[in-house]
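Chain naming follows the written order as A, B, C and D, and within any one chain the residues start at number 1.
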C-alpha cells in the first residue's frame, strides 16, 4: 500500500462528478492539508472562496456503483494556531420570537495551542475566563460524488455525505459512503478543532488541519446512507430536514444494517434499538440536518 | 422534614388542577409505588385504565405561581419481576414508505431480575440470546399542574413536564418544574426499568416501581421549561413537535439560564453552547417530542 | 325548536369539562354575542382576560361520547365599529435569520363599517390608502370538551376543535365535532371580521360579533377530527404541529370519510384525492397549526 | 422575435450547468414536445430513463447572474391519449401508523380525450363511474441551472425551480427564475394533464405535452425564489422541507417583493399579507415540498 502526499492547488465547492485531482489504489493512504471553511490556509492566506472548499476529488481504483467507500480517519493534526467561530446562536435553534433579541452573528477569533492541544477565545469574554477547551479534531465535510450527475453544495449534505458537521468523525472512526460513480470521487475539508453538538453557532472552531486517511473499497456493500464505526459502536447517519426526517433516515439505515449484516429479524432489531439505541445530533444548522443513530458493539450479535 | 408513605387508591390520566391526594410541607420526602403505563400494579392487577396513570397530585405547602418545584429523585426500586415493551419500531421513526413492511406492534414480556438488576426478554429471540440489560430505572411521566386551568393527557408533555420519557430522569437527578397553581400539584408514574433514546418502540421496559423523592420549593424561580441537574451537568428540557421546536425550546431555556443565573452575556452564552453543548433525545414517540440541552458543570462560571 | 338568546357573564380560557352555562335541546338555535380575543366586548369594555375568552359551554341534550355535534353557522354580525390586528408578520412565518429585521409586533386599530360591511386601518399607511376590505366574518375558536378530562387553552386546537382560525368557518358552513362528554359542552368566541390564510400576523381583524348557530346531535358518527361542509364542498380539519402533521391528520380523516360514508375503496379514495383535492391553511401561528383538506361535492359518489 | 421548434434527442435528469441544446435570443418563443415523467414520448416509446427527463437546456442570450429569466407559459397541448398515475396515497401524507393499511402504490392508466379535453381512468373503479376530469394542463418541472456548479435531480426543487409540481404553472402564467449562470440554462418537462393540490399520490395525470413558451431576460431583478403572476394575482414559491420552511421561504420572498418593487414598509406589507394572503400547496410528495404565497393584484399599490 502506498501513502500519498496530496497538495491541492484548486478546490471544489460542490461534491459532484468532476475530474479527479488524485488517483490512488484501493487501500492506499492519503495525507493532505485542508484549508478552513472560508478558504484560508495554514498561513492565513485566502486560497479559495467558501463555503467549505474541498480537497479532491480522489479517484479510488476499483470503486464502482454499488460499492461502499471505506474511509479510515487515522489522524487529524491542527496546523494553524488560529481558528474562528460565529459568536451568536443561529436563528433557527432558538424560539422564533426570541430571534429579535439576538446580537449580530459576528466572527470571533480563537487561539489554538497545537502543543497543549487546546483552544481558547482570543479576546477575553466575561464569565469565560477559564474556558480553555481540549481539542477534539473532526472532519466537518467529506463524502463522495452523488448519483445521476447531481452536484451538491459543500454547505449541505445528503446520502453521499457532505457537510454533516458531526463531531464523531474523528481519528479512530471509519466511515462508509455509497459509491455511485467510477472511482467514488472522494472529497474532504472543513475541519474543526472542536465543536459542540448541532453546530448551533454555525461553526466549530474552524481551522486548517493535516488529515491522514486510508481509502478502500468494500465491493457490493453500498449503504443507502453514510455509516460509521469506532472501537465502541456502529452508527448510521441521516442527513435531511426536518430533524425528524434525518432521524428517520438514520434509524431506517440502522434497521437495515441490523436485519441484513447481523441477521436480526425486524422484531429483534426493534427490541435492540428500542432499549439501547443512542442518538446524536450532528448539526441543526446546515440546509440538511444530521442525526446519528448509534448502537454499542457489545449489544450486537456476531455479524 | 417528614417522610410520607403515599399509597394512592385512585389515579389520574391528566396533569391538571384536581383535588390533592396528599399534602406535604416544603422539603418533605415521599415514598410511593407506581403502577405501570397500562395501569397494572406490582402484583399484576389492573388498577386503573391507561395511558400512564399518575400517583398524586401532591400539594406542596408554600408553592405558588412563580416558583420552581424542586424534585430530587432519590431512589427508584423495581418492585415487579415482569415488564413489557412494544416489539416493533413506531411508524414515525422510520422512512414513511418503509412503514408498509413493519410487522404489527405487539406486546412483548420481559423478566426483571430485581436482585441482579437486569432485564431480559421472556421469550427467546434469535440473535438476542445474550441480550441481558442492566437496569437503568427512570421516571417516564412526572410534572405539575399547568397554567390557566389546562389539563394535559399523561400521553403527552409540555412546559409543566408530563410524559417526557427521558432516561436522564433517574436517581441522582434533580428536576425543576414551573409552579402555576397553589401547591404546585405534583404527579408521577410511568416508570421504566430501562429505555433507549427516543422511546422508539413506544415504550421502555414498563413496570411497577417504588419511588422516593424529595419535594421542595424554590421561591420566585419559575423556569419556562423543565430544568434538571445531576452531579455532572445541568440541563433543560423542551417538549413539542416537531423535534426542531423541542430543541429550540430547550436551547432557549438554557440560553436564558446561562444569561440570568450565571450572568453570561448573550455572546458568552453562545460561545459556551456552541462549542460544548450536548443534546439528548428524550422521546420521538409521544404527541410532544422531548429534547434535552445539556452543559457539563465544569464549563459553568460560578452562578 | 327553540331559539335561545345566551348572554354570558363569565367566560372560559380553556375548552374542558366545566359546568354548563346553558342547556339546550338537540336542534335548538342559539344567538349570542362574543367578546374579542383580548376580552373586550362590543362597547370596548374589558370583560375577561385573554386569550380568546369563550362563551359557553352549552350542554346539548342527548349528546354522548361517540356522537358528532353538528354546528350550523347561520349568521355572524359584527357588533362593534372597531377591530384590531398585530401589524407585523409573526416570527415563525419568515426565514429565521430574517426575524432580526422585523419591527415590533404592535397593535393596529381598524375601523369596521357595519353598514357597508368593510374594514380599514384607522391610521393611514403609505401604499395602503385604498386598502378597504370587504368583511368575511368567521369564528376563530370553537369546539367541544376533549376526552379524558383534558382541558386545552383557547390559544390552541386539537381533535376537539378550538383555536383553528380557519376563515372557512363562516355563515353557510356546518361543522362537525367529536363528542367526548355528556352534552358535548360547546364553546365559541374569537370572531374575526376578516383574516388572511394562515393568520400570519397572529390575528385577523379581531372584534365582537353576534353569532347565530344551530346545534344538533348526529348519533354515533363521531369523527376523529373536525369536519365541515358548505354548499360546494366537504372538508376535514387537522390541527397539529408541524404543518405536515396537520395535513396528515386532515388527509387521513378525509380518506376515512370517503371510504366509510361514501363507500369508496382505498384506491378509489386515493384517485379522487390525488387529482381533485384542495388544501387550505387555516393558521400557521397558533401552537397547533390548522390544515383543511377539501373535496368539491360534485366529485363525490352518493353517500 | 423568432419562434423555435425544439426537438430534443437527449434529455437530462438534473438541472445543472451542462452544454446547451438550443440557443435563443432574449424574447424568443420556443415550441417543444415533452416526454412524460417516466421518459415515454407521445407515441408511448421509452426515450430516456426517469425521473422527469428534461428538454433543454436552452441558453437565452444576454441572461447573466443577477437577472431574472421570464418564462411566459403560452400553451400546453396534450399530445397523447394516455396518461398514468399512482393509485394510492403516498405514505408521507397520512398518519404514520395508518401507512400499514395502505394498498401497494401501483400504476393506473388514464384515457385522455384531446378533443373534449378530459381525462378518465381506463379501468372502471366502483364509485368513480362519473369521474371525468376537465384537463388543467401544467408544467410539473421547470427552472434554470443553480448557482456554484450545483446540479439538482429533477425529482426535487430549490431556489432555481425544478420539480415544484404546482398546478398554477399553467397557460396564462408567467414565471420568474433567478439566473445564476450565463444564458440561464432553462429546462422543462414532466407535464401533467391535471393534478390535485400536493400531488399526494405522487403523480398528476402524467403524459406528453406540446409546450409553447416565451423566454426573456429581466436585467438585474434576480429573485431569491421563483416568482409568478397571472391575470389575477402575483405569487412566490418556496421549495423546501419541512412544509413550514417552504412557507417561510415563499412568505419572505413575497415580503421582499412587496417592500422592494411595491415600495411598502414592513408594516404595510404585513398588513396586506396578514389579511388577504392566500397559500397554495404545490406538492407535499417530492424531496422538497412547494408552498405558494399569493396576493391578488387588486390589493397591490402601483409598482
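Throughout what follows, contacts are C-beta pairs under 8 Å (C-beta built on N, C-alpha and C of every residue); 3 or more make two chains touch, one makes a residue touch a chain.
Note that this is a predicted model, so its numbers are computed, not measured.
Undergrad: When B-C is set beside C-D, which has more C-beta pairs in contact?
TA: C-D
Undergrad: Which is it for copies chain A and chain D: same residues on both faces, with over half shared, or different residues?
TA: At the contact between chain A and chain D, which are copies of one sequence, the residues are largely the same (over half shared).
Undergrad: So how far apart, in whole Å, are chain B and chain D when each is placed at the average of its C-alpha atoms?
TA: About 47 Å separates the centre of chain B from that of chain D.
Undergrad: Quick one: chain B and chain C, Cα centre-to-centre, how many Å?
TA: Measuring from centre to centre gives 34 Å for this pair.
Undergrad: From the mean C-alpha coordinate of chain C to that of chain D, what's the distance rounded to whole Å?
TA: 33
Undergrad: If I count partner chains per residue in chain A, which residues reach a count of at least 2?
TA: 92, 96, 102, 242
Undergrad: What residues of chain C sit close enough to touch chain D in their complex?
TA: Against chain D, chain C makes touches at 85-89, 92-96, 98, 101-103, 108, 121, 125-128, 131, 133, 194-201, 203-205, 242-244, 247-249, 251-252, 255, 262-268, 270-281, 284, 289, 299, 301.
Undergrad: Would you tell me which residues of chain D are touching chain A in their complex?
TA: So the residues of chain D touching chain A come out as 12-14, 16, 148-153, 240-242, 245.
Undergrad: For a test of understanding, state which residues of chain C touch chain A in their complex under the given definition.
TA: So the residues of chain C touching chain A come out as 90-92, 96-97, 99-100, 102, 104, 242.
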